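In what follows, chain A forms one complex with chain B and a second complex with chain C.
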Partner chain A sequence: MFWQKNIETLPREQLEKLQLLRLKATVKRVYAKVPYYKKLFRAKKTAPKEIKTLEDITKLPFTTRDDLQKNYPDGLLSVTKDKLVRLHTSSGTTGKPKAVFFTEKDIATAANNMARCLTMTGVTKSDVLQNMMSYGLFTGGLMMHYGAEKIGALVIPAAIGNTDRQLLLMQDFGTTSIHLTPSYALYLAAIFEKKGRAFRKKLKLKRAYMGAEPYTEETKNKIESILKLKVYNSYGLTEMNGPGVAFECGFQAGMHLWEDSYLMEIVDPKTDRPLPDGQTGELILTTLTREGMPIIRYRTRDLTAIIPEKCKCGRTHRRIMRIKGRADDMFILRGVNIYPQQIERVLMSVAHVEKNYQIYLEDNDKMTVKVEITKKLFDGNLEHLKKLQFDLTEKLRAEIMVRPSVELVEPGTLPVSEGKAKRVFDNRKIY
Partner chain B sequence: MPILKQLSVFVQNQPGKIERVTSVLAENNINILAFNIASSGEYGVIKIITDKPELAYKKYKEAGLTAYLSEVLGIVMQDKPGGLHSVAQLIAKNSLNVENAYVYVPKSRKKAMLIIDVRDLKAARKNIAFDKKLKSE
Partner chain C sequence: MHVKQVSIFLENKKGRLLDALKALAKAKINIRALSVADTADYGILRMIVSDVPRAKAALESAGFTVKETEVIAIAVSDQPGGLAKILEVLNNAGLNVEYVYAFAEKHENDAIVVLRTENIELGIKTLTNAKVKILEPKKVYSI
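Right after this comes the complex of A and B.
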C-alpha cells in the first residue's frame, strides 16, 4: 500500500533531479539567511554556486551536535520567528539540548512522511493506533500522532505508563497498532505472558512500532512472538523531524529513507571520506525540504549502510540497514540520550575526582558509574567517602535525569585500554 | 600521652582485598600493632598502626593502593574493669568529637591503649593530659 505512489516510486533519475533542485535551494537559503552557515561555508572555501551535482555535497561543511548546541536556542533559523509553529528538543538532559523548530509546512512534511511509513506497513483509516510514547518536547509522540491522523486512523494519545489503563484502552477500543519503546514492549510482553492466551484473543493488535531506543533483532523476535504481532523497524532523530525518516515496508528488508526529504551519505567516521553503497559508515543527512531550520550534512553518528538494490515493494527510495551502532559513545537509557562527556563533566566538577571512570549499563535500566579513589580524594575518613558518593550521585542525577549508582573503586582496578579509553560497558541484553 | 601514626587504606569490599593490604606489610617485615576496618558495604577504610608507619605508607604508594598517613591519639587505659569507661568519661568531659576509635595492646600486655581519631589532635591531647594529671593527684 502506498500513501503517495507517484513520489514513492519515482524513477531514480527523476528523484535525483528533484534532490538536486532541492539541495541547491536549501544551500542557497542557509547561505543567505543563516550567518553561522555562511561562516562554515567560508571556512571551507565553498559557496552555493559550487553545487552542480549531488556529488558536490562533499564540498559542503558538516553540521555536528556541537554546532546545534553552540547555536542554542535559535541560531540556525532561516525564517523569522513568526513563521514557526513548533519547537522540539532532543530527548534530553539538562545540559544544553538541541532545539529544532518547525514551520507549519515543516510539520506537514514530517506528518506526510510518517503517513507514508505507516501506510507501507498496512495502516489505513480503519486502524486504531495507540500511541504509548511520551508527548511533549520529545518528537516521538507528536510526530507519530500527526502521521496517523493524516491517514485518518483513530489515534489514542495514551502516552507512556499506566499499564492497566493501556490494556483497558487496547481492549475497549480495538487497538490494532501500538507505538512504544522497546523496554516498555518487553514489560508489556511479561504482562501478556501472565495474563495468558485468553486475554490476547480479546485484542486486535496487528503491529508495533518501537522507537526512541535501539534494540536487537532478538528483542524484536521475542516481542513479536509474545505479543503476537509484527514489529516494524524505524529510524528517526529529533534533528531530522523525529520518527519517520526511514521505515521498513511490508518486505522488512531494510528501511526506506525518504530521499525526497533527505539527502543521505555514508562516510567513514574517522576519515570523513564518502563510502560506496553497501559499506558501513556514519549516516549523514541533509534536509531537502525544511523551511524553518534546514540542516546541512548532519552527522548522525549512527552507523549503517545503504542497500542499493531495488526493493520488491517498488519504492525507489533506497533502504538503509538497521542501525549497527554509534560512531561516538552515546548511549540511551530510559529513552534519554546520554554522552559519557556529560558524566565526565559532572565528575570533574567535584574537586580531585580524576578522569578515570567507567560506566556500566545492565538490564532494567541500571547504570553504575565507577570512580577511582585516588590519593587526593582520600583523607582516611569513611564519612567523607560516603558524602562524596552521595554528592556524585545527586549531581549525576541532576545532569542526566537518571539516578545512577556510584561505586568507589581502588585506583588501577579500572582497566586502561590502549589509546582512547573505553568508558561505556553496555551489558544490556535487550539492545 | 603518645601521638601515634595511623595508616588509612581505601579498600573495596571484595574477596582478597584485605589480603592485599596485609601482604604489603608482611613482605616488608612491618609489624601490625592494631588493625581496624570500617566498612560502608561496597567499600571500606582499614586503619592500621604499625611499627614502621612511614615505610608502610611508602610501600602502599608503590603498590598502587590509596593510603593516608595521619596522627592519632593513644590514651592509656588501666587493664582492669572500668578501664575503658574512665577513658570514655574523659572523652565525654572534653567534648571530643571522636571519628574513629579502637584498641591497641602493646607488646608488654600490661596496658591497653585506646586509639582515637579526633579533629583537633593537639587540643585534645592537652585537655586530656591535664585532666588525667588532676585525677592522678
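Right after this comes the complex of A and C.
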C-alpha cells in the first residue's frame, strides 16, 4: 500500500533531479540566512555555486552534534521566529540539549513522511493506533500522532504508563497498532503471558512500532511471539524530525529512507571519505525540504549501509540496514572497521550472550574476545564448552574477517567501569 | 537412583580451585568425591558433596557458575577388571560414557565409582539388568 505512489516510486533519475534541485535551494538558503553556516562554508573554502551535482555534497562541511549544542537555543534558524510553530529538544547525556524548530510546512512534511511509513506497513483509516509514547519535548509521540491522523486512523493518545488503562483501551477501542518503547513492550509481554491466551484473543492487535531505545533482534522476536503481532523496524532522530526518517515496508528487508526529504551519504567515520552502497559506515543526512532549521551533512554517528538493490515493493527510495551501532565505538583491526555490535550479534546468535563480553586488542593486531560463562551457558559438559568456543571463533571470523581468540571466563571477572560498560580495551601501542 | 553432582566452571587461574574448596569448607560441606576436567584455559570441577543445595548456594554466593547434573553411582568390587566389566556392559548397549571418577573412600569393601552416560535412564536400566550395584543417592551423599 502506498500513501503517495507517484513520489514513492519515482524513477531514480527524476528523484535525483529533485534532490539536486532541493539541495541547491537548501544550500543557498543556509548560506544566506544562517551566519554559522556561512562561516563553516567559508572555512571549507566553498560556496553554494560549487554545488552542481549531488556528488558535490562532499565539498560541504559536516554539521555535528557539537555544532547543534553550540548553537543552542536558536542559532541555526533560517526563518524569522514568527514563522515557527513548534520546537522539540533532544537531551544529550552530557552538556547542553539540542533544539530543533519547525515551521508549519516542516510539520506537514514530517507528518506526511510518517503517513507514508505507516501506510507502508498496512495502516489505513480503519486502523486504531494507540500511541503509548511520551508526548512532549521528545519527537516520538507527537510525530507518530500526526502521521496516523493524517492517514485518518483513529489515534488514542494514551501516552506512557498506567498499564491497566492501556489494556482497557486496547480492549474497548479495538487497537490494531501500538507505538511504544521496547522496554515497555517487554513489560507488556510479561503481562500478556500472565493473562493468557483468552485475553489476547479479545484484542485486535496487528502491529507494533518501537522507538526511542535500540533493541536487539532477539527482543523483537520475543515481542512478536508473545504479543502475536508484527514489529516494524524504523529509524529516526530528533535532529531529522524524529521518527519516520526510514521505515520497513511489508517486505521487511531494510528501511526505506525518504530520499525526497533527506540526502543520505555513508562515510568512513575515521577518514570521512564517502563509501559506496553496501558498505557500512556512518550515516550522514542533509535535510532537503526543511524551512525552519535546515541541517547540512549531519553526522548521525549511527552506523549502517545503503542497500543498493531495488526493493520488491517498488519503492525507489533506497533502504538502509538496521542500525549496526555507534560510530564512536568503532575500532580498526588489520585495516578492517569493526564495531562491538557486530561481535555482540554473533555472541547473541551463537550463545545468547548479550552483554557479558569484552574485547581486548593487543599489539600485532591480536584480538581476544572474553566471554563470561553464565548459568545459561553452562551445563557441566566440557565438550559443550569447547564447541561453544569453537563456534564463536568461527562465526566471529566469518563476520569480521579476522580470527579472534575466544576466551571463556568466570562471571564477574571482567572489569566493570562506572556507568556504561566498557567493551573495547585497546592496549595497542602501535597503530 | 539419580545422584546429584555439583559442577562448577573454573578458569585455569591460580587459586580458583582453592577458592571453591574454601567456600565449601566454610559452609561445612564435605566433599565425597571430586574430579577436574580441563583445557588449557578453563575446566570443570565436579563433586559429590554431603549437601547439594547448600553447596550450590555457597558456591554461587562465592561467585561461581554452578550446575547440578545427574550421575550414577555404582559399587564396583575391588578386584582387577571390576570397572572394565561394567564399562563393557554400557559399551555393548551403545551407551557413551562421558566421564568416570572414583570416591576416595570405600563402601563395604567396594570401590564407589561415579559415571555419567549420555542417557541416564538408559544407563541405569542397562546397569540394573546387568546386576550392577547402583547406590541410592542418600547413601552416596553420606559415604
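Quick note on the criterion: the second predicted complex is superposed on the first by the 323 of 431 C-alpha atoms of A that agree within 3 Å, B and C clash if a C-alpha of one lies under 4 Å from a C-alpha of the other, contacts with A are read in each partner's own complex, and residues count from 1 in each chain.
The working rule: a contact is a pair of C-beta atoms (placed from the backbone, for glycine too) under 8 Å apart; a residue touches a chain by one contact, two chains touch by 3 or more.
None of the values given here were measured: they were computed from a predicted structure.
Legend: residue contacts after superposition of the two complexes on their common chain; A:Ile373 is shown touching both chain B and chain C.
When the shared chain is aligned, no partner comes close enough to touch A:Gly161: not chain B, not chain C.
Using the contact criterion defined above for the overlaid structures, shared-chain residue A:Leu385 touches chain B and also reaches chain C.
By the touch criterion stated above, A:Pro308 is placed in contact with neither chain B nor chain C.
Look at A:Pro35: by the touch rule set out above, it reaches neither chain B nor chain C. Taken together, the two structures place residues 373-375, 378-383, 385-386, 407-413 of chain A in contact with chain B in one case and with chain C in the other.
In the complex of the two chains, the chain C residues touching chain A come out as 5, 7, 9-11, 16, 37-39, 41-44, 46, 63-69, 98.
Within the complex formed with chain A, the chain B residues making contact are 6, 8, 10-12, 17, 38-40, 42-45, 47, 61, 64-68, 70, 99-100, 117. In the complex of the two chains, the chain A residues touching chain B come out as 373-375, 377-383, 385-386, 407-413.
Partner chain C is touched in their complex by these residues of chain A: 373-375, 378-383, 385-386, 407-413.
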